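See the structures that follow.
Here subunit A shows up in two complexes: once beside subunit B, once beside subunit C.
Presenting the complex of A and B:
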């Protein structure tokens, strides 16, 4: 039931066929959401798929947004036990809730801040067994809070993301990030968002319907997959244990 | 047209001239700049290998993609080179552009990678430069310093030609203009169909988004030596195998600029244009020699023996070729002046 319900999303991402080797290897995936339509469910779905029993993928979650207990609770409802995955080394949780880069530290000292975080990620991946090293997903939740931790320096965050992208070339790992589209005003420039869109291989936009709120449809997903030269658009509804994705007009409720 | 660009880069500069410079400019609405750059780079490098260019080598300054990507790209295009080939050198500004890995190595957290070999040297050898992203340069340096660097490169005796990629919507108009002024060629990518009100992600615009993700318009502005500017346009199609350039289709050539986007057709087909031209307008100076008829409301529609049938189809119009588009006009009274081509406001003293 869970597999069928998100099959449109899996199909758009190439996750509907085999997942070993991980189809998102070496790819950068960006999720953009809005206040009315949170994209967290996409992140949770991808985390769950990456920890599938049929794959040897290792997931590193860099959490600026929520503590471990939150993700554990959510993923349990989706049928995935993060505690046991953490215990058997497939899930690594980096708690960044309290990270605050020292003021003025924008790449100057490697002792703290985002440079140290990058070093820690690189060291973690390098220490994995060879079979796992080639199947790593780095998930960042979320970039806006990373900017806050970096004292508002989007340039510093972009530098960090650039270095994370080098990991996709060096280790063939995948990089999955979540960001909020509507916190960047047109006056300030949407440069940060545009930089992300240029450098991403797969862009998932989670948006409300053009017609406004609805009981049966919570929003729409637009998936632009540069690698497959394909774009998909469909509606979704978030339920207790599952998210249903369907083409417009075809809700089963 | 892409061949014209490659030819200009291949031919390089004459003695005493600045090296030709190409800006490839795109935006997120038509993000095909990297595909165009890849195409130009591989085509141009083929010319270098074939000895068709005064340039003996290509330096690729890679900010946004790893050096190995470019060797893979050339291999896919059927050009087999390896990193030891002296005709191509990838300057790695991708893996550690800010020295983070070096700094982490100092703290023992990292093993620093070996440094790149020295760049091509030699007094007389000319080479060309490709910069895969001036955006990264502009993120870390001022526009004036980047402009100075590019200008110095163009002026250098050993530089035969130079080209770079710019995402125009990451910068202000001023920055884009500065780089365009530095270029002898500007290749711009635009969406095939402009989205309504610039809205993106709207469900109603999804089909347009999908269309624009595979097609676009490609305009190139050449600055000639004699000062003239020539603009050429083509269509681009993005496929799995790469990018294709085709001439603009007729549909694309229609000037969308002045025609509002509505759901009914405001254009005329060729047949409609011919039929419209065949309609003879009811101006009386276009008369066919037959007497001008004045309608008298008291007259019945039944003809008297002195008048020709009123309802006759051949009444005023004599264009025998036209079976459509007939207008029958009767003047209301003799007092009414006949129609004329003269402008009735001509006598006004404004």
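Presenting the complex of A and C:
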């Protein structure tokens, strides 16, 4: 039943067909949200899909935004137990809440925050058994906080993302990131966002409706899938245990 | 409810954590959240209980009016009533002075007089405002109990808080005017929060951090945009692992738009206050009770901890009124009935015969 409701989103992402091999392998996925409409539910949905029992996916969540307990509770309501997945080695949680690069550090020193983080990711993936190494998802929540941790040097963050992208070719990882579009849509800040959008394979925008917020429809999703040369737009409503996606004017798919 | 697709053992309800004992001024909410009161019962109702522990509240000030201070006063006074430790940082030279302006809880018999009686004689208007009264009546029963044990108090802004509640309490005041960087404030916050760690189980005490006008221009660090953002981020991560709530007020007009948005994203609960213009005839015609309003309160975001479902409020703009100039009241805005005629429809036209019994319309 859960599959049916999110099928519009899954369809747009290519997740509705087979789950093995993971359709998002080697792809870069960017989620953009705003203050009015948070896009975390898309992250949760993707995390849940990647940890589905039918596959041997490993997910690495690099969390700048919330502690483990928050994700645990949310995913539990979605039907996924992060604690047991963590014990099985299928879910790895990197707590970055307190990461702060020292001021003046441009990432040149090997000890610098983001370089160390990349090293850790690389090491973790290399240490995985052969079968899992092919199906890793790296999820970053969220990029704007990574910029704060790097004291504002977005070049540093872009470099880090570039390195992560090499992982998508070296190991066939998928890279999923969340960022806030309304921070960059003003004046001179667009560069970072544009670079991200250019190099991404699938772009998911989470926006409010033009008419504002409503109790029945929480917003609209626009998914641009470059791989399939497809763009879809539909409305969504977020619930505790599922995200309902439907075309405008209908309450259900 | 839990779909036991994976191993069943991990879905067993953890019985040991049922109903933890909570200290004064705290109450349980859904999703394992624990709330403390904002000091304004109306606002608590709007937010679904209050401010959750471990959350960051941000209030966008109106740079031309001090209405955010009304919110802060009630917030701080509420904490002191419950004996909750307080950290207060402000750009003033001597922040302690502000403590003298904190209000005292209202005597309970005054609470009930919040029903705006002047509207009774305008019989037609009641119909428009019906919904407003309907919800309020159900929640005014708490007034009888002793002030200390109530979750949330009404405050009388004309009565200062009793001295004994201020002296001898754990209150830490910090002036942020002269700090060239934020490390002092960060250390003070860290020390304060280390006394209130979060562990599973009972919570004996919750703390409140109040930072007023964080990016005020008289503060030496106010042009260091990334440093301020780092501070907020580290404060938020410290708060998330402690039993406290932090409230930061700031004037968004003093930040560049892009940074303003970044600050907004940081907040778990985001509010803004705006003063009403003195003589705004158009708004006065559109909204009832405009003359009594001192400002608008907007709720932009409500904290969503441990859940992904957003809170969609029926109304996000509220009026701030000072009832009898003593009690802070947050109310829904009510649209005034549109007059068909150009003149007042309730007054007499005067030219009719003297038999006009134009007193109150009785329904």
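Quick note on the criterion: the second predicted complex is superposed on the first by the 250 of 253 C-alpha atoms of A that agree within 3 Å, B and C clash if a C-alpha of one lies under 4 Å from a C-alpha of the other, contacts with A are read in each partner's own complex, and residues count from 1 in each chain.
As a convention for this text, a contact is a pair of C-beta atoms (placed from the backbone, for glycine too) under 8 Å apart; a residue touches a chain by one contact, two chains touch by 3 or more.
In this text, all values refer to a predicted model and were calculated from it rather than measured experimentally.
Contact with subunit C, but none with subunit B, is seen for A:74 once the two complexes are overlaid on the shared chain. In the superposition on chain A, contact of A:145 is made with subunit C only, not with subunit B. In the superposition on chain A, A:41 contacts subunit C only, with no contact to subunit B.
In the superposition on chain A, contact is made by A:180 with subunit C only, not with subunit B. Subunit A is touched at more residues by one of its partners, and among subunit B and subunit C that partner is C. By the document's definition of touching, of the two partners only subunit C reaches A:213; subunit B does not. Touching of subunit A by both subunit B and subunit C, each in its own complex, is seen for no residue at all.
Contact residues on subunit C toward subunit A in their complex (touch as defined above): 2-3, 5-7, 10-11, 31-32, 225-226, 229-230, 233-234, 237, 240-241, 256-258, 261-262, 264-265, 270, 300-301, 304-310, 312, 314. Of all the residues in subunit B, the ones that touch subunit A in their complex are 28, 31, 64, 66, 68-69, 94-98, 100, 103-104, 106-107, 109-110, 135, 139, 167, 169-170, 201-204, 206, 209-210, 213-214, 238-240.
Residue ranges of subunit A in contact with subunit C, taken from their complex: 2, 35-38, 40-41, 44, 53, 66-67, 69-70, 73-74, 76-77, 79-81, 83-84, 97-98, 100, 144-145, 148-149, 151-152, 180, 182-184, 186-187, 189, 213-215, 218, 238-241. The part of subunit A that touches subunit B in the complex is made up of residues 107, 110-111, 115, 118-119, 122-123, 155, 158-159, 162-163, 166, 169-170, 191, 194-195, 197-199, 205, 207, 209-210, 220, 222, 224, 229, 231, 233, 248.
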